[in-house]
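Shared between the two complexes below is subunit A, which pairs with subunit B and subunit C, respectively.
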Partner chain A sequence: MIRFESVEYIYPNGVKALDGIDLEIGDGEIVTIMGENGAGKTTLIKHLNGLLKPVKGKVLIDGIDTRKVTVASLSKKVGIVFQNPDDMFFSENIWEEIAFALRNFGYDEEVVKRRVENAINFMDLASYVDKSPFTLSGGEKKRLALAIVLAWSPDIIALDEPTIGQDILQKEKLLQVIKLLNSQGKTIIISSHDVEFIADLKPRIILMKRGKVIADGNAEEIFLNEELLKSCNLLPPQLITLSRELEFIGVRPRLYSPRELAAEIMTRLQR
Partner chain B sequence: MFRDFIRKTRLPSGVDGDLRIIEVKDLGFKYAGTDFYAIKEVNLEINEGEFVILAGKSGCGKTTLLRCLNGLIPHFYEGEFEGRVLIDGVDTRDCPPYILSQKAGMVFQNPDNQLFALSVEADIAFPLENLGLPREEIRDRVEWALKLLKIEELRSRSPFELSAGQKQKVAIASVLAMRPKILLLDEPTSSLDPISAKNLIDAIIELNRKHRLTILISEHRLTHLIPHADKLAIMDKGKILYFDEPRKVLKEDVLMYGVSIPRVVEVVREMRKIGGCLPFREVPLSVDEFIRDLRGVLR
Partner chain C sequence: MAAILQGLQFYPGDSFIHRLDPRAKLLISTTFLFITLIYVEVTVTTIIIVAEALLAAISGTMRRWIKTVYGSIPFIVAVFLMNYLVRMFIPGQPPTQVILYESFAAAYRLIALLASFSIFFLTTTPEEIGMTLTKLKIPYMYVFAFISAIRFTPILAEELQTIMDSQRSRGLELDKGNPLTRLKRYIPILVPLIVNVLRRSYELAEAMEVKCFGASKKRTYLKELKLRPRDLFVIILTLISISISIYFKFINPIKIP
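Moving on to the complex of A and B:
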């Protein structure tokens, strides 16, 4: 379980990025953090493995206060895929990049090999194994960052803007990966601006604004609240907007899938 | 502010008399140390004032093509270069990148590669100072760009102490302030929140409409862009497969090339599967078009 208790964080330049965050995320939940640019999403995520420590209040991961342990020891429990993955690479090739953390955790070479290969296949990186991480395309880098965390398979996985640079096929796959990990009991925390992706995932959504949590609810409830979304610089998924505009033929505004909405429209039109 | 944005220059004309501002012929590029062409047999002609979307799977060669258009390839990236690229009538091989970047300004996929100064303001002003513009002009342009991106309050902050979306806005502002004739945008909205992304798209559409700015934008999320674009190019494995009006391209099965179609288009496809008479003559690309057509038949 993850608990934030009145957490405040101030960057050295004086910007208060987290301003009294109280939050509880249970084991096995999928949670999405949404909010305008600069709201504090990345700062919050960096508190999960102790990379940043609260100036006031505390963050507890399974009861462990992040101020009292090292990032290295928390990393076994919490894996983060950063928004800009460039910062996390340093190896000569992709294989070594994925293997590095595993070796550090002390797995024997047999296990390392199996896990690296699984992660590479899973994220569609097989044709790049010998390439340097720095010569990958934008989307490929992001997938490598995901592969690294998949390979070490921590209980809590935080993905900061995972759909950046991903085409629709990769996004569909990512959706499957997230659901699969979750079905294995993992807790998943995602920060994302990609409303269409989140509309497919339908997770619990936490809205942030200026370092505060201003709403917390299920996807449909949040996406139907236009005023609230607007105040966080968000737009509803396109099919919520469409279903709202279709009220004149009797369609009720909801978070439909394309197929559901098509069926609904055809039924209404036949009347 | 964009009044003398487009200088009159003589360009090779297209058949239709429009000025051909980008001309790519049999272009191919293989990065040093790799054994395949990241792009190959690319032919592309874009007229002045056109708004073009570049889409395709991750790794299909979008960034590589853009790098060829602003001269980073072949001037900075080593590899095998084939064919030729003419920007505003100039062969990119014969023109140093700093000159090209004034004609074809590029916003990089990763803004970190573009930011360097001590403050946001200085970051936007620096390239303008290099152009030798008068101080007054520089100040006006910096203010204009800060306002356009709604980042006035970040002006004195260090660009390295910003959130990802804020960085992306600064990178865009500094390229727009240069007022290039051609704007190359590599996934410019990837880190922007939805309303900021919409504001940016609205702003560049206005620049395109009012000032005939030529725009080439690579994107994975097309929903808000598609209704405004003149052309949609779809790339796969380094080649351009389609290059036509978006409505025509979307008739093809583009999903297999990783292109996300707007959800309203998906709804229309699902309606077709159900069968019966549909109220659309052409595929609607936005919620507005969808509702307009539906009301049209129901009236």
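Moving on to the complex of A and C:
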């Protein structure tokens, strides 16, 4: 369980990035943090494993105050996948790159071997094992970054802008991975402004603006509130816009899946 | 280290100093540097530091300027200790108090030296620095290299932070173990940093080529630098102070307490 208690964070240059955040995220939840650039999404995520410590208030991860433990010990519980994979690669090959964190956490060499192999198979990287991380394509790099974190199987996984620069197929795959991890009981936290991607996931959405949480609710509730989205420079998912346009034939605006919307249109037309 | 760099970055503002011609500002900074170099006396150094602080206050960059001074403390301490320790062990030196005083004077001068150009960099945009250097007949290629180095420093600092965050999230502990193993722990930070810098430099080179960098030898600017009366006034004032300092140092030396 993650708890933010009136957390405030001010960067050394005086920018107030978090301004009184109160938040509770339960075990096994999927939560998306949305909001425009500079709303404080990444800052919030960096508080999860203690990279940033609150100036005021406190962050509790399973009851542990992040100010009282090291980043390394918290990272075992909270895995963060950063936006730009290029900021983490340094090893000769993918195998070593994944093993790095496991060795830092002090696993036996045998466990390291098993976990690296699991992560490689899980993220479909088997054909690249001996390749240098620098030669991978953008999508493969993102997959490797996720594999690195999944290798030590943290209970909480935070993804910072996972869909940037990804094609449709990669996004589809990411969606499946996220759902699978969640079904294994992992808490997933995603920061993103990719509305369509989030609409497929139907998570709990936390909307941020200028360091404050301005809305917190399920995906449908948030996406149907046009004014709220507009104030955060977001557009509703296309299917919601479409269902609004179809109101004249009696379609109720909702967060449909494509199939649901098609069925709804058919029944309305038959009447 | 980072604090010194902060004091050498442009800080936006609209003060009298900001609006001065960059050449006048360069002259002021050079004068501070020159006077600090020719005089060793603590009194003169104090006058220079006070003058620098005064200019920083006028330009509204006092906090940054203090950061430069603050960030240079390790160097200042190092200079003091080096001076003091080395001279303690050389035979035929004056008594301890004199050595202490002179070591202090040397370290104290360093503040004035480091802070002298802070005023110039804090109040001058990279573009203006470029124009100044071009006016000084420095080839544009070198000018460009210099101003892009200034421009990329903050970006690099930010990137370093992100890389450190990434690796610490993978369980890397930078302040653990003896100095040698600690040094080894910096490899996962330096490799991505260097790779990213190289990548960026290639991108910059391509972007420059697309924009025909170096196609015409003579570079012109949209805004030309022009000396206005107040710039001339400042320049004359600065030249007078240089002349006075040269006069009392070399032509008619006086004893300064």
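Keep in mind that, in the parts below, the second predicted complex is superposed on the first by the 271 of 271 C-alpha atoms of A that agree within 3 Å, B and C clash if a C-alpha of one lies under 4 Å from a C-alpha of the other, contacts with A are read in each partner's own complex, and residues count from 1 in each chain.
FYI, a contact is a pair of C-beta atoms (placed from the backbone, for glycine too) under 8 Å apart; a residue touches a chain by one contact, two chains touch by 3 or more.
None of these values were measured; they are calculated from a predicted model.
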**Report entry** Clash or fit (per the criteria above) of subunit B with subunit C on subunit A
**Finding:** clash
Query raised in the report: Which partner does A:86 contact after superposing on A: first (subunit B), second (subunit C), both, neither?
Result: both
Query raised in the report: If you stack the two complexes on chain A, which partner ends up touching A:66: first (subunit B), second (subunit C), both, or neither?
Result: neither
Query raised in the report: For A:237, is the partner it touches subunit B (first), subunit C (second), both, or none of the two (neither)?
Result: first
Requested in this report: Look at A:104 in the shared chain and tell me whether it touches subunit B only, subunit C only, both, or neither; answer first, second, both or neither.
Outcome: second
Report summary line: The answer to whether subunit B or subunit C touches more of subunit A is B
Query raised in the report: If you stack the two complexes on chain A, which partner ends up touching A:161: first (subunit B), second (subunit C), both, or neither?
Result: first
Requested in this report: Return first, second, both or neither, reflecting whether A:148 touches subunit B, subunit C, both chains, or no partner chain.
Outcome: second
Report summary line: Stretch of subunit B hitting subunit C after superposition, from 58-66, 94-102 or 238-246, is 94-102
Query raised in the report: What is the shared patch of subunit A, the residues that subunit B and subunit C both contact?
Result: 84, 86
Requested in this report: Using the touch definition up top, name the residues of subunit C that touch subunit A in the complex.
Outcome: 159, 162-163, 165-173, 187-188, 191-192, 195-196, 199
Query raised in the report: subunit C touches which residues of subunit A in the complex?
Result: 46, 49, 51, 70-72, 75-76, 79-80, 82, 84, 86-90, 100-101, 104-105, 134, 148, 152
Query raised in the report: What does subunit B use to touch subunit A in their complex?
Result: 31, 33-34, 56-59, 63, 109-110, 112, 157-158, 161-166, 169, 186-187, 190-198, 220-221, 223, 255-256, 258-260, 262-264, 266-271, 273-274, 276, 279, 287, 290-291, 294-295, 298
Query raised in the report: Which of the residues in subunit A end up touching subunit B in this complex?
Result: 11, 13, 15, 35-39, 42, 83-84, 86, 131, 135, 137-140, 143, 161, 164-171, 193-196, 230, 232-235, 237-239, 241-242, 245-246, 248-249, 258-259, 261-263, 265-266, 269-270
